[in-house]
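So, here come the structures, one by one.
Below, chain A partners chain B and then partners chain C, in two separate complexes.
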Partner chain A sequence: MTMSEGELAVAELHFVRDRAIAPQPPPASMTGALGWVRANLLSTPFNIALTVIVVALLAWVIPELAKFLVFDAVWSGADRDACREAVQHREIGACWPFVWERLPYFVYGSYPIPERWRVDAFFVMLALGIVWLLWLEAPRRDIGVVYCFVVLPIAAFILLHGFEAIGLPVVDTVLWGGMLVTIVVASVGIVVSLPLGILLALGRRSHMPTVRLFSTLFIEFVRGVPLITVLFMASVMLPLFVPERLEPDKLLRALIGIALFASAYMAEVVRAGLQAIPKGQFEGAMAVGLGYWPMMRLIVLPQALKITIPNIVNTYIGLFKDTTLVFIVGIFDFLRAVEVARIDPKWATPVTSTTGYAVAAMFYLAFCYGMSRYARAMEARLAAGEKR
Partner chain B sequence: MSIDVTGRPAPATDAFYNDPKVRSFAYQIALGVLVAVLVYGAVTNAIEHLERAHIASGFGFWDQAAGFDISQTLIFYSSQVSTYGRAFWVGLLNTLLVAGIGIVLATVLGFVVGISRLSKNWLLAKTAGGYVEIIRNIPLLLQLLFWYNAVLKALPEMRDSIVIARGAYLNNRGLFLPQPVFLHGFGVVIAAAAVAVAAAVVFTLAARRRQKHTGKRLPVAAVVLALLIGLPLVGFVLKGLPLTFNYPEVGRFNIAGGVEVLPEFAALLFGLSIYTAAFIAEVVRAGILAVSRGQIEAAYSLGLRPRPTLRLIVVPQAMRVIIPPLTSQYLNLTKNSTLAVAIGYPDLVQVFTGTVLNQTGQAVEVVAITMLVYLTISLVTSLLMNIYNRRVALVER
Partner chain C sequence: MSETSRIKPTKLNTAVAVELDRVNKWYGDFHVLRDIDLKVMGGERIVICGPSGSGKSTMIRCINRLEEHQKGRIVVDGVELTSDLKKIDEIRREVGMVFQHFNLFPHLTVMENCTLAPIWVRKMPKKDAEDIAMQYLRRVKIPEQASKYPGQLSGGQQQRVAIARALCMNPKIMLFDEPTSALDPEMVKEVLDTMVGLAEDGMTMLVVTHEMGFARQVANRIVFMDEGQIVEANAPEEFFAHPKHERTKLFLSQILR
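And now, the complex of A and B:
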């Protein structure tokens, strides 16, 4: 078909654009940093007021913290004179030489100095176990589980407590202290509470009335009372309940208290996971002829534990913080070591306490925050399968 | 008959020990016997130990003279005449006092922080997030020690007390405030307050009924506020201001008169409230996020403004999610108040499980009573919780 002359002229003379003009840039106040600030910080009068208040708060807290921890801090010195305003004639922040000098005490407590390599070896073995378990691409993680829950506890006991037959002198637990005790208490709690918690959770969901009754009683009882009373019970009443020759030492009593306490909480976490498994999974397992334990081991627990991993890690965070309570029944954990060191007359200054607490806070914050990041990453990873 | 394909003899599935009923019976008997043996062993050992140590058993110590002082007593207590039983009540009241005030403070702070974390204001949300992450990940005991030893004990001595206002002093021995003294005639003010509360309730109910019938709203908040403040104030003025203050007098080493807030109490209160608030903030945030976006959009499309949407749609649904974990946070706070023992606040554990146990040596009785108290608090709370839960739970069809 051909176009007539007239039609062509009209087509060339159209009043409508056949090409879009380039878009204008958005107003400067809506984009970039300025726009972001307007939208996020200054959108309404109320929002502006909030921003002003928060900025004022941060402008007060952050410089104070920085001054104390870094700019006004003392970095070297031999004794308390280095950290005293009256001697130094300037404002004094954190007293770090106190920490440098007491660091071995914070880590090992009174563990004999020639034997401290054993503690170091334990830390290395523990770190290996943790990396093996938590790093998802690590080779042979099944062996890692055996290593962490069987080999490591035995090896750690021989290493730390000592075993005369192989030439390791026995170190009484009274001498253990500092981070060593904190980490030992936390690890024992972690290693014991998971299996015991699983058993209690299964017991609470059992069809056998006696088993259910005892499990429920134990869980509700322990969860209903404060940890301190459990620790008091373990340290004051336990020696009464066992024959004299079996009387456990002080650290072991605290370990038993912590482990039982953590197990009750773990049981409830695991029970929540078990409840999330559809009934069809149980029935399917029974239909293919699996007994109770194979069904739990092969079908139910792998699914239930997988979805509870974040909560299990959260329980571990709580457990790690709760280890500080052994301090009250006279165990020399990290916090107790800081408590003792800070009142040492050699370093008696107004800033010593705060410095000690700052170090302790950083230690616990690093561990707990690390664990909570791991839990969150795990949660995101597990949720990936649910997202479409 | 099953068909034997493998040629092996069929397993003896019908043996009596494979019967699930028999098995479960056997397991339960075994467990029962095990528990019984453990309990029997523990009891006989305990009796033997206590006899050898010449420690009396039973609750006879309850009525014996205590003979030790307690630094904070809400009810009358004196080391000379009061009994161990009295000391128990003093400790319990101190626990309830710090837990009660702590719960109020933690709830207020927790809701503020939790809502701030969801704020559109980036700076506020991040600051609230930082607060939660830092406070949650530092052990409570460390925080208590910090407040007590590094903050409150580092305040100036008695001689150089900080004067906050007339009659209010702060030093390393505590906070000293004027004590109100109610003169004759203050009962009228209390009566007026009671009348005001009753009137406010009646007015609120009437206003609600009126709104239901006519759709017209009365200024409820303003009227209620006027009633609650105005009536007692009128009574107070008419009776000739029947209230004076007993101001604390600062001496060289001591402050006489007034009300004293112990540094131990303040440290425990700060520590517990700040710590628990971080957990409550997370509970609140989760609760608000649990209300689906569609609910809010539906409310907007019905023409509700943001504030009524929040009050009528979001909060009631969020509360359903928030209340159960919130209660368990309250219980945690109460249980955590036992850490008082580390800084010397005379709570139940410090007074009873600490001093009384050390003086009498009756570990079994004392620890059992302490546990019973906390168990009772837990069980009563969860009972109330279950009743509440049944009332607000979604009725699903």
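And now, the complex of A and C:
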């Protein structure tokens, strides 16, 4: 029997599912290591080309690095002879005995040897503070905050600078150096710049014209000059205006310069985050009766800072590396210590400079990469908390 | 909506809850509110409707000073709104608001959304605030969502949380700014039901909405606005049966199909 066209159309329109389709596992090409490689490394011709180039690059760099840093490296010796091809009659890589011998200098600079335990104590206290603050499940983080922002700065000052009354002789900051200076400068910059930056960012968005004007002028002025200029101003120009008796310490001046400089950048980073918060959040907070400061502290800043974590850390990483510029005003930071050590005639070999710079690179990389990883973990954690 | 389902008129207080007296507002050169006169008694439920851009949202946002008016007086619960920040905070404590887009705090749980203001504004102990929040979350029928984040809830649930959040401050007056306009159709009813419940308890309400069924059921008075003016205000039966003004007739013919 043949159906007419009308009947056919009716038959096709009418459909009732008689049994449900059960979910099935995805095809093997989508899962496992093979699936990952296909999806991430070989998905398009362009992607394949990139993969090949990157693999080739790694194959070229990694053996060279390993050869220099490990296989051809010299691991012990008393002076330059240990690291010279002419003496050793073999290819020479990194000269590690040089690093072992100068390591205390890299860490403490010219800090008097009998007093160096004070620097160690400071490092331990700082590490404790960092862990306490950054480890989100740590016990009593409220005390941790007080410790980090009140106890630690005071203790650090007493320990590092000295306090005659309790028998700690004063160590002039001229003698400070190496990682100590780098870490002190970076910590002060990091700790001061965020709160100050937040205040400047709020000020720049304030409805009060004088506050807004001051904040804008400060930010634009500081951002408009190079950091080196700020440091020069602080160390060369300031003494011309201030009586010698009141003249602040050279390191302190650099610290203030760097902290203010970083604050201006941080202010713009935070402002970007504030800009991204929808107006409805402000209105919701106002409508339940929150005043300006509670609204900012409880509603706006937590959200704004969360979305700016990548940029905040970016600024911190930049700041950490910018600390190397303090050598221009005669402060002995870590990089400067390496610079001085590498031209020491006792260790004068063709590989000494390279070794010194390799150490410097590892030091900065470790800190910056650490900050970066922590920020990524924080982002992932915050994202997981709120998304469905 | 049948006449039988109408809420019986609550006995109104003699106290004036909100008074707007010749209120004028401009956005730049644009005259958004023109000589608005409106007196809302305690326990009264006002529905405000009108075409978009007619100033209805702006008007209720002036009542808790999310918008500033330039001329005229606004008196809320006996306190006149001036630029005095103390008075603004005082009024905001007594006036709850529900927004079209909920404006919940996405970084806080439902419970924290509800307890934030009682703890920080009313200085209530956390435990008490949580008890009260739980009571209101039960009332809007989502106590089981207390520990979730707003992003995990549906639009209708979020809007009910927003209502609970406002109620936790124990406000005397509630403002609703198009509370169902951003919701999927199947979620409108759950929010409206919550609002009807509030009305039954005698809350003073000013509601901007296009839900005419809700207006018919709940409102003591319907205010129709157009071009920044109150064009017509009347009890719902009269308003729908015998609109007086041409603009009202046109508006009703467009939305009642």
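Heads up, the rule we're going with is that the second predicted complex is superposed on the first by the 293 of 388 C-alpha atoms of A that agree within 3 Å, B and C clash if a C-alpha of one lies under 4 Å from a C-alpha of the other, contacts with A are read in each partner's own complex, and residues count from 1 in each chain.
Basically, a residue touches a chain if its C-beta (ideal position, glycine included) is under 8 Å from a C-beta of that chain, and two chains touch if they have at least 3 such contacts.
Bear in mind the structure is a predicted one, so any value in this text is a computation, not a measurement.
Q: On the superposed three-chain arrangement, identify whether chain B or chain C touches more chain A residues.
A: B
Q: After lining up the shared chain so the two structures overlap, which partner does A:I228 touch, if you call chain B first and chain C second: first, second, both or neither?
A: Once the two structures are laid over each other on A, A:I228 reaches chain B alone.
Q: Can A:G284 be said to touch chain B (first), chain C (second), both, or neither?
A: In the superposition, A:G284 touches chain C alone.
Q: With both complexes overlaid on chain A, does A:P294 touch chain B (first), chain C (second), both or neither?
A: So A:P294 only meets chain C here.
Q: Based on the superposed arrangement, let me know which partner A:E339 touches: chain B (first), chain C (second), both, or neither?
A: Once the two structures are laid over each other on A, A:E339 reaches chain B alone.
Q: For A:P169, select first, second, both or neither according to whether it touches chain B, chain C, the two together, or no partner.
A: Touch status of A:P169: no partner.
Q: According to the stated criteria, A:K306 is in contact with first (chain B), second (chain C), both, or neither; which is it?
A: A:K306 contacts chain C only, not chain B.
Q: So in the complex, the part of chain A that touches chain B is made up of which residues?
A: 40-41, 43, 47, 50-51, 54-55, 57-58, 207-211, 214, 221, 223-229, 232-233, 236-237, 239-244, 317, 321-322, 324-325, 327-328, 335, 339, 342, 350, 353-354, 357, 360-361, 364-365, 368-369, 372
Q: Within the complex, which stretch of chain A touches chain C?
A: 280-281, 283-291, 294, 298-299, 302-303, 306, 385-388
Q: Within the complex, which stretch of chain C touches chain A?
A: These residues of chain C touch chain A: 64, 66, 85, 89, 92-93, 95-97, 99, 101-107, 116-117, 120-121, 149, 151-152, 165-166, 169.
Q: For chain B, which residues are in contact with chain A within the complex?
A: Contact set of chain B toward chain A: 24, 27-28, 31-32, 35, 41-42, 45-46, 49-50, 119-124, 127, 133-134, 136-142, 145-146, 149-150, 154, 335-336, 338-339, 341-342, 349, 353, 357, 363-364, 367, 370-371, 374-375, 378-379.
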